[in-house]
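Worksheet: the structure to be examined is printed underneath.
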Amino acid sequence: MNRLLSIVTATLVAVSIVVQVGRFGDMPQFFAAAIAIIPLAALMGKATETIAAHAGARLGGLLSATFGNAVELIIGIFSLHEGLTSLVKASITGSVVGNLLFVLGLSFFVGGIRHPIQEFNVRVARSNASMLMLGVGVAFVVPTVFARTAHPVSSVLSFGVAGVSLIVYLLGLYFSLFTHRDVFAYIGHEQEEAQGSQPRLWPAILTLAVTTVLVSVESDWLVGTVRSIATQLGWSELFIGVVVVAIIGNAAEHASAVWMAWKNRMDLSVEIAVGSTLQVAMFIAPVLFFVGVCIGVPFNFMFTWPELVSMIAAVLLVVVLMLDGESNWLEGAMAVGAYLVLAAGFYSLPAAAA
Amino acid sequence: MNRLLSIVTATLVAVSIVVQVGRFGDMPQFFAAAIAIIPLAALMGKATETIAAHAGARLGGLLSATFGNAVELIIGIFSLHEGLTSLVKASITGSVVGNLLFVLGLSFFVGGIRHPIQEFNVRVARSNASMLMLGVGVAFVVPTVFARTAHPVSSVLSFGVAGVSLIVYLLGLYFSLFTHRDVFAYIGHEQEEAQGSQPRLWPAILTLAVTTVLVSVESDWLVGTVRSIATQLGWSELFIGVVVVAIIGNAAEHASAVWMAWKNRMDLSVEIAVGSTLQVAMFIAPVLFFVGVCIGVPFNFMFTWPELVSMIAAVLLVVVLMLDGESNWLEGAMAVGAYLVLAAGFYSLPAAAA
Amino acid sequence: MNRLLSIVTATLVAVSIVVQVGRFGDMPQFFAAAIAIIPLAALMGKATETIAAHAGARLGGLLSATFGNAVELIIGIFSLHEGLTSLVKASITGSVVGNLLFVLGLSFFVGGIRHPIQEFNVRVARSNASMLMLGVGVAFVVPTVFARTAHPVSSVLSFGVAGVSLIVYLLGLYFSLFTHRDVFAYIGHEQEEAQGSQPRLWPAILTLAVTTVLVSVESDWLVGTVRSIATQLGWSELFIGVVVVAIIGNAAEHASAVWMAWKNRMDLSVEIAVGSTLQVAMFIAPVLFFVGVCIGVPFNFMFTWPELVSMIAAVLLVVVLMLDGESNWLEGAMAVGAYLVLAAGFYSLPAAAA
């Protein structure tokens, strides 16, 4: 499995390098880089998990929770460096909306086809729901709304949002890994990791290092061609950020969340989908803000109305879906349906309005 | 009972015809048509129920769930045909707000006077709550908000919204009538329909046919005088659509939902009020969109801010009221109070702003 | 305890009088008055409680629920009298946001440090959640949103909002003190008031009378210097109202809510924080509207967008936090974090935009 994945990855990276060096044009370069990132992200994820497993439950949980979405972080840094701040915000929006509605929805739907009603830890669900309300419903709403009154977002507010989100996110990790670990236990599978021998540590670290470098290179190529692609296809930058880049950055999570749902391990599915969302909103977004401060690119938390409203609608729908600690296929269909409506909305935005 | 209703209906229809033929003026014509529609709707509802009972539980459930609000559909088609698209949207708003706040609120209140705490199936309530979040909180919000950025609502988005709403609504019927029928069982009344002999099928079909024709005729008259009424009374078209037309179209449901609550059958009350809302938002609205496409009237899902915000406020309040599967008279008073605030809001809009 | 408090109060009032009479300048006058109000409010609260205890459970509950926030009411009346309607609305916003996020959050946090999971009556929590949705999510949203379409808020709408809020608030008292008293019982402490002898009635009435007069005088001084302070410090009137005045008016409640949480009596904590919010939104705001009508100052329920959005975000976050009837320190951290984001937002507004 791992070997096959490595071969596929190497091939796709090679293709992408050839396309890039041979200057085949922006369109092939964009798609070759996009496709190569998907298996690279999967490899990075596996390597992170292996290292986390060796690090023990708590440090490991911390590792996954901070480096689990490294691909988004890398793409974000390259986009910032290019000055594409609206692309960064669009891909944050896409991660939030895509993870909450598409990944979670598909998991509920696919799992629900096999199991009439699936359960997950209701306390974790409620804690996640509250976190979403803070990390999106307050932290993204306040700068966007207040900035309509006081035109530029003040640095006090930006630092406030970034600081509060980051601190509460870290407190949340401390809560779930230390003070309230028992409350956050999974439902109904005792020792989930005990299947077969664990992969060794050093190859994982090597893999992580190599894939990180390759993801960085591919991200640079991907981001460098976004504007030209937007013009050629008549898509808005918002659509590319919200739908295309978000799917690329999250493809690996998509697959494993759905797979876990199929195996009736909904706790893991929900953790992947919602945990990923919280990580992007409350860890990656603040880190990108501080990176922006350091490299002198003014990045704030002011979103466009379509972005903000999409995220809030996604959060509120998912909060109502999750609060009971149960799922079924119809709930999955609702979430996927909501995702399709939002995707149609972003597709329909004029390219100029990006 | 049925005979008395028939006589009342015939009388009111006759009056309305006289008023219409004699050209008594717009005001009498409007109110005569409006009053005649109320008992016609009740007769249509009874006939549909009888046919549904003969069709068996599943096909019958499907029938009620698709033709239960035929009056709104007919009024909507005539309004579209007159080009009154803003009236159609106003009466959709009125159905959503009126059913959720006024009908459900009055049911909670009246039932709660007799029974301190009333219960209903909490899983059905949660499923309905999620559906409301999708059918109103996403499907109506996205076109309205996105269209402020990209001025006309694109046809991709309109087709997306109509298609998704309709498909998820039908999936919801499949879910509640087939795959998860046991989950959706009612609380505490075993065989509710076994009281007395069932009315015969053919008279019901005949009644349905005749009332449908009559409702169509009266709707035509009603809709034809709306603009003139709005001018004469100084009411906005929004107020007429949201309050007046919505009350006319839903009067019969109002009565039976409250009656069921009084008899402590809250499951039925909630089903009538919330089911009706979902039917209007996720079945009638999309069907009217497709009708508009066919007859060449551009109908989209872009609401005015007062309409959109009213629907969202109503949905969020009712979601919080319903999620616990319990009701009491104070919850009813809250919902009715919210309805009165909204009605005062629509009443206060200037006639020109419609 | 009471004696110490009286001495502190007398000293601070004396200082404030000296500063005022000696015309030490607006800045000292503002802060001297602000600081003197805090212990006065505490004394008023204790006196009200004593009188309430003598009045018996029901009449006493009614007393606390209507005069518990007398300080806000007095400051509000003086602000109205000065024509500072935007300051009144800002301090209503501050009470809602401060009580829900800061007071409740700090209570959850401090209590949660000592007790891993704290419980409170879930039915009360749900009833409060619904009331918040009505009193803020409908009653404040509708005038603000509708007035953007129909420029001035019509008097029909204002009277509707004030009337409905006040009536439903009183119905809520009737519900919790009479018809559903058993449902609203506290968790796990049988006879909470039976500790020691009750203070006597007449001194309490005297205290209430004297402190009311003193609070009125200090409020007059406080309000009279607000505009000059805003100019000198470069703060917006919104920031002063939302953060400074709201903290002054609620300091006493803050302390006792947190203290109750520390003693694991979360029912009382939640009642103080959420009950205070409801009282301000559904009792004090309508009363101020009617006072405005009487004294000819046009006061309506149209808030600025930052105010409205802050209140809605606070309500939705707290509804999600409360609905499960449980709290922990992380939930407290989330609420306090949300408060800091909002405070940073109001701080960042330009002084001119007030």
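Should a chain be cited, it is by its letter among A, B and C, assigned in written order, with residues numbered from 1 in that chain.
Throughout what follows, contacts are C-beta pairs under 8 Å (C-beta built on N, C-alpha and C of every residue); 3 or more make two chains touch, one makes a residue touch a chain.
Protein names from UniProt, one per chain: A, B, C = Ca(2+)/H(+) antiporter.
Just so it is clear, the model here is predicted, and its values are computed rather than measured.
Asks: When chain B touches chain C, do the two copies use mostly the same residue numbers, with over half shared, or different ones?
Replies: Homomeric contact, different residues on each side for the most part.
Asks: Overlay chain A and chain B by their C-alpha atoms and let me know the rotation angle in degrees, rounded to the nearest 5.
Replies: 120
Asks: Which integer distance in Å separates the CA centroid of chain B from that of chain C?
Replies: 40
Asks: Give the residues of chain C that touch two or more other chains, as numbers and ranges in rising order.
Replies: Residues 316, 323 of chain C each touch two or more of the other chains.
Asks: Across the complex, what residues on chain A touch chain C?
Replies: Within the complex, chain A contacts chain C at residues 123, 126-127, 129-131, 133-134, 137-139, 141-143, 145-146, 148-150, 153-154, 156-157, 159-161, 164-165, 167-168, 171-172, 175, 179-180, 183, 316, 319, 323.
Asks: State the interface residues of chain B toward chain C in the complex, per the touch definition above.
Replies: Against chain C, the touching part of chain B is residues 116-117, 304-306, 309-310, 313, 316-317, 320-321, 323-324, 326, 328-331, 333-334, 337-338, 340-345, 347-350, 353.
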